[in-house]
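Below, chain A partners chain B and then partners chain C, in two separate complexes.
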Partner chain A sequence: MNAKRIRFLALLAISLVFLFAWAFPVFWSVLNSLKTDRDALAYPPKLFFSPTLEAYRDVLFGSGSILPNLISSMIISVGTTIVTMLMAVPAAYALARLRFRAKKFAGFYVLATQMLPPVGIIIPYFLVLRNIGWIDTYQGIILIYLSFSLPFAIWLLVSYFEDIPFEMEEAAYLDGASRMRTLWRIIIPQVRGGIAVTVVFVFLNAWNEFLFAVVLSGNTVRPVTVAMFNFVSVEQTLWAKLAAVSVLAMLPVVVLGVVAQKHIVKGLTVGAVKGGGRR
Partner chain B sequence: MSGRGQVEFKDIVKLHGEFAALKGVNFEIKPGEFFALLGPSGSGKSTTLRILAGLDAPTGGRVYIDGKDVTSVDARDRDIAMVFQSYALYPHMTVAENIAFPLEMSDLPKSEIEPAVKEAARKVKIDHLLDRKPGQLSGGQQQRCALARAIVRKARLFLLDEPLSNLDAKLRLETRAELKKLQRSLGVTAVYVTHDQEEAMTLADRMAVFMAGEIQQVGTPAEVFAKPNSIDIAGFIGNPPMNLVPARYANGSVVIAGHALTTTVQFAGERDVIAGIRPGALRFAIDGLKAKVDLIEDLGDTAVLDVDCAGTPMRVRVNHDDLPREGDTITLTARPQDIHLFDPETRKRL
Partner chain C sequence: MATVATTVADTATAIVTNDYGRVLAQRERRFAAALLAPAFLALMATTTFPLLFLVWTSAFRMDLAMPFSNGFVGLENYKTLLTDDRFWSSLVVSLVYTGATVVLQVIIGLALALLVMDMKRGQSWFRIIAILPVVLSPAVVGMIWRTFMLAPEFGIVDFLAINAGLGSKNWLGDPFLAMVSVIAIHTWQWTPFAFMVLLASLAALPEDIYEAARLDRATAWQRFRRITLPLLRPAIVMVIIMRTMVALTAFAAIFTVTGGGPGTATEILNLYAYRKSFTELSIGYGSALAVALLIVTILISAVLFAMRRAK
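Now for the complex of A and B:
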């Protein structure tokens, strides 16, 4: 009994350490976003201060409003997610089900794209986009994001499709369903969890992306991750505003996480335990 | 419904690379018949069913349904319903939605679907479970749901792939009887795959016995039981299986373990044979084969004796009343018509 208790306390302590490490930056951002610039710079840091929404008002409605950037980010992320899913779902289904010659290689190359260091291809991407005049355009950034999100999404979804017994599809054919109808009515509803997980990951990756965005965007299309740096200059860093932007940038992610939480937890376990799905 | 669901397999061959899963299969199923495909695992019975369903294409040969060549017709255009071993219920749909699915796919109006679903569910006694999801059903209920989904469409052929194998023993017996009644009341042609000879014997009007990719015998269960036409079938049908012992034939009698028994089989000359005698056909006698009782398996009303007949092991089924004791020596005989003879070379019936 005692050993159990010690074990529990040890686990609790470790969890708290991790929780603190994860939560501290969030906590710091929220705290600073409610300070005035002067309070934010105070040393030692002030834990007690009169909170104000001034920073939020400034970054949302002030002269350097980041509202357009949030909208930019949203268009890029939603666009990337939609296009990715439209292509990844049929591709993953095909990889999971069909028998074709190059299947093994196709599977490998899908994964291989994930192994390239992004820095290595950023210049070629830039040159390609410049040549077709797509620098600083939504279609340009979405296209580049697709080159990463699509293989990732396919790779993630394949295992969900593979978990569905083939007999299920055969039953649907015998029941008179076409291949498309089988996919739509029988298969997709069963990989809902996997699709939810993939949507969240693809969206988050697009939303958080910085490296490509900073090179390939411009004045027209500038996602919030890039725009945030408006508050960092050589002379000074506007900590309160920077923190406020960070919090605003986090919001959609948190909302998405909460909404999709049920699916994610279920989806992750189904995907993790191979063949452990419902038979 | 009579007259629908006639099936003919003509020289069906199925190769998986070098391996021949089916080596030229021929049989015919009459409309309204309950036809079993029986055989050990890997004998080709499931492959045969899948070819009939259109889920697999044969490498050679033709499949006819109701006189029409359907060899290259798509599975969904064959008007065939099937119950899978795993049931293959759609887990995200309710029982009612599962049963309704084939009707929806044939674009039947909603007003006709609902009564048909209820009717099918009532026939298999799950009409109180229509709002449940398959995950909330017991194994037996899932099986019924799969049955209902198959019968709702009134297809011309009803295929069952080991539908009872996932049920426990008691439920299996109950469902077996109900399945037979259901098939009779619907008057539909049913093709039933099983490796369980007892299931095939009790359910089927006729059956085809598969061995290593070939049909070795087609007939009623009684015919196959009474006259198995090869050593393999003799050893496969019946529980416990037939005793198959090396013997010497001469002039209407066989010598087994030094003792001659008369048989009805007549041919000229003298030769080595395999003699087959069912455990239930052996009886106590004053004069006959001497055998030592090694082990008694008491089944309550009957018992199975493992005996040693001068070095040849045999099994005997006896009434519970006249049980010898282990270690006793008993004397056994069999009626002439109960002795089957097989060729040791070709393994065929003589």
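Now for the complex of A and C:
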């Protein structure tokens, strides 16, 4: 009985260590963002202090505000999500439901495009966008974000479209509805949930992107993931402000992640289940 | 007579319906083409075209800093690459980084999934907390680790090291420690992924096999070795494949933490291609490096997919 108790306590300790390790960096950023710069710099690190929203006020409304960057991130993410969904929903429906030649190949193509290393395609993008003057523009970044958001969204949506019973479409056709009308009125309402989940993940991926943003952004369009570097420098790092910016950059994705909690495994493994038989 | 008449009638209907079927099938194809066209045009423009363009660029000397000597050089860049020590070292760093992070993620993720699976209470804590790292931007994660966790005499890790009597360490300035750090950061962020996927797969395993094993008095290790592991194999292989692909092309979390340094200690191939193209502005050679990265990715995924098919 005693050995069992020791085993239990050991396992409890291990699991707590991991929970703590995963939560800590986030927790610590939140804590530091509520400090004054002096408290943040204190050594040994302070766990107790009088919290203040000063750092948030400074990074949002002070000089060198990151508000424009948060807005940039928002425009890029929302824009990418809208364009992606407009293209991905019809394509996913066709791949999941319609019969046409080269369907297998089309599905494989979508999957294969995901394998391209981003650093490979950023070089041509840079050259082309520079030529047409689209560096540092929203249309430039959103267009390029399609390269990763589209394949992802299409594959995630296909899995939802496949779950709808065929009978629903057949009934609609028998009633004389056109294909377009059937898709719009009958099918899409059935996959509302799947569309919502896809929107969450597409937004999340666009918000978090970094490599393309670093190369293609500039003074006009600079998302927060890139702009946060202004708060770190060799001479002086503005600790509390950096923490506040990190928290602001994390906030939307953490909220979305918790909201979409039940679907996260599906969202993370999309595409992987394919190619080796269905589920 | 009657039978002949029905056969004729049947054939007639068959012909008619067959024709009608063909019309329907054609309409369906056209509808499919219309639905697919926008997405496929966008995908071709943003993936296939750049890929071809990249291969083309890699055959040029294209130096933005010294444009006068630019021009077509054929396979010259690839020849340079084969004798470029920095290329080979970055390839090794890539393989070490990928290998270490994937192995750690799978082992820790699996161990933790097995542990949590047996918990009667508190599972939901793990499910919620595990989401935190995976939804964060690797750039933000890198930034937090570089500053609040690893900065000498300020970061919590260093604080703990000092208090444990190890002394303050230059976590990101020492070549070996820097490599350990970037591996640890990647593992920190993505182990929850392996954990969540494997936990979901574990939960889906049939209960009755375990009952039978218990009746046969199989030990816990035997149950794991003979039942859990084989049943979980597809999920584990899937996690390995997905994580390998991501680790090979990881960028933000190294770029923000060490920038590939100190020197080239944490410069994975991906980062080398980036630095060559956008810091040293040698775009032609950078393209060749990116093509090399693509070839490495394809080779490794071919091996992994073969592993997946093998029993």
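Simple rule for what comes next: the second predicted complex is superposed on the first by the 234 of 279 C-alpha atoms of A that agree within 3 Å, B and C clash if a C-alpha of one lies under 4 Å from a C-alpha of the other, contacts with A are read in each partner's own complex, and residues count from 1 in each chain.
We take it that contacts are C-beta pairs under 8 Å (C-beta built on N, C-alpha and C of every residue); 3 or more make two chains touch, one makes a residue touch a chain.
From a predicted model like this one, the values you see are computed outputs, not experimental measurements.
**Student:** With both complexes overlaid on chain A, does A:34 touch chain B (first), chain C (second), both or neither?
**Tutor:** Neither partner.
**Student:** Please indicate which partner A:14 is in contact with in the superposed arrangement: first for chain B, second for chain C, both, or neither.
**Tutor:** second
**Student:** Applying the touch criterion given at the start, work out whether A:177 contacts chain B, chain C, both or neither, answering first, second, both or neither.
**Tutor:** A:177: touches chain B, not chain C.
**Student:** Between chain C and chain B, which one touches more residues of chain A when both complexes sit on the common chain A?
**Tutor:** Of chain B and chain C, C contacts more residues of chain A.
**Student:** In the overlaid three-chain picture, which partner chain does A:141 touch, first (chain B) or second (chain C), both, or neither?
**Tutor:** A:141 sits against neither chain B nor chain C.
**Student:** Does the superposition put A:186 against chain B (first), chain C (second), both, or neither?
**Tutor:** In the superposition, A:186 touches chain B alone.
**Student:** Return first, second, both or neither, reflecting whether A:96 touches chain B, chain C, both chains, or no partner chain.
**Tutor:** neither
**Student:** For chain B, which residues are in contact with chain A within the complex?
**Tutor:** 53-55, 74-76, 80-82, 84-86, 88, 90-92, 101-102, 105-106, 135, 149, 153
**Student:** Mind listing the chain A positions that touch chain B in their complex?
**Tutor:** 165, 167-168, 170-178, 181, 185-186, 189-190, 192, 278-279
**Student:** Which chain C residues qualify as touching chain A in the complex?
**Tutor:** 25, 27-29, 31-36, 38-40, 42-43, 45-51, 53-54, 57, 108, 112, 115-116, 119, 122, 125-141, 143-149, 151, 153-154, 156, 159, 188, 192-193, 196-197, 200, 234, 238, 241-242, 245, 248-249, 251-252, 255-256, 270, 273-274, 277-278, 283, 286-287, 290-291, 293-294, 297-298, 301, 308-309
**Student:** Which bits of chain A are touching chain C when the two form their complex?
**Tutor:** 11, 14-15, 18-19, 21-26, 28-29, 32, 41, 43-45, 86-88, 90-91, 93-95, 98-101, 106, 109-110, 113, 115-128, 143-144, 146-147, 150-151, 154, 179-180, 204, 207-211, 214-215, 225-226, 228-229, 232, 237, 239, 242-243, 246, 249-250, 253-254, 256-258, 261, 264-265, 268-269, 272-273, 276
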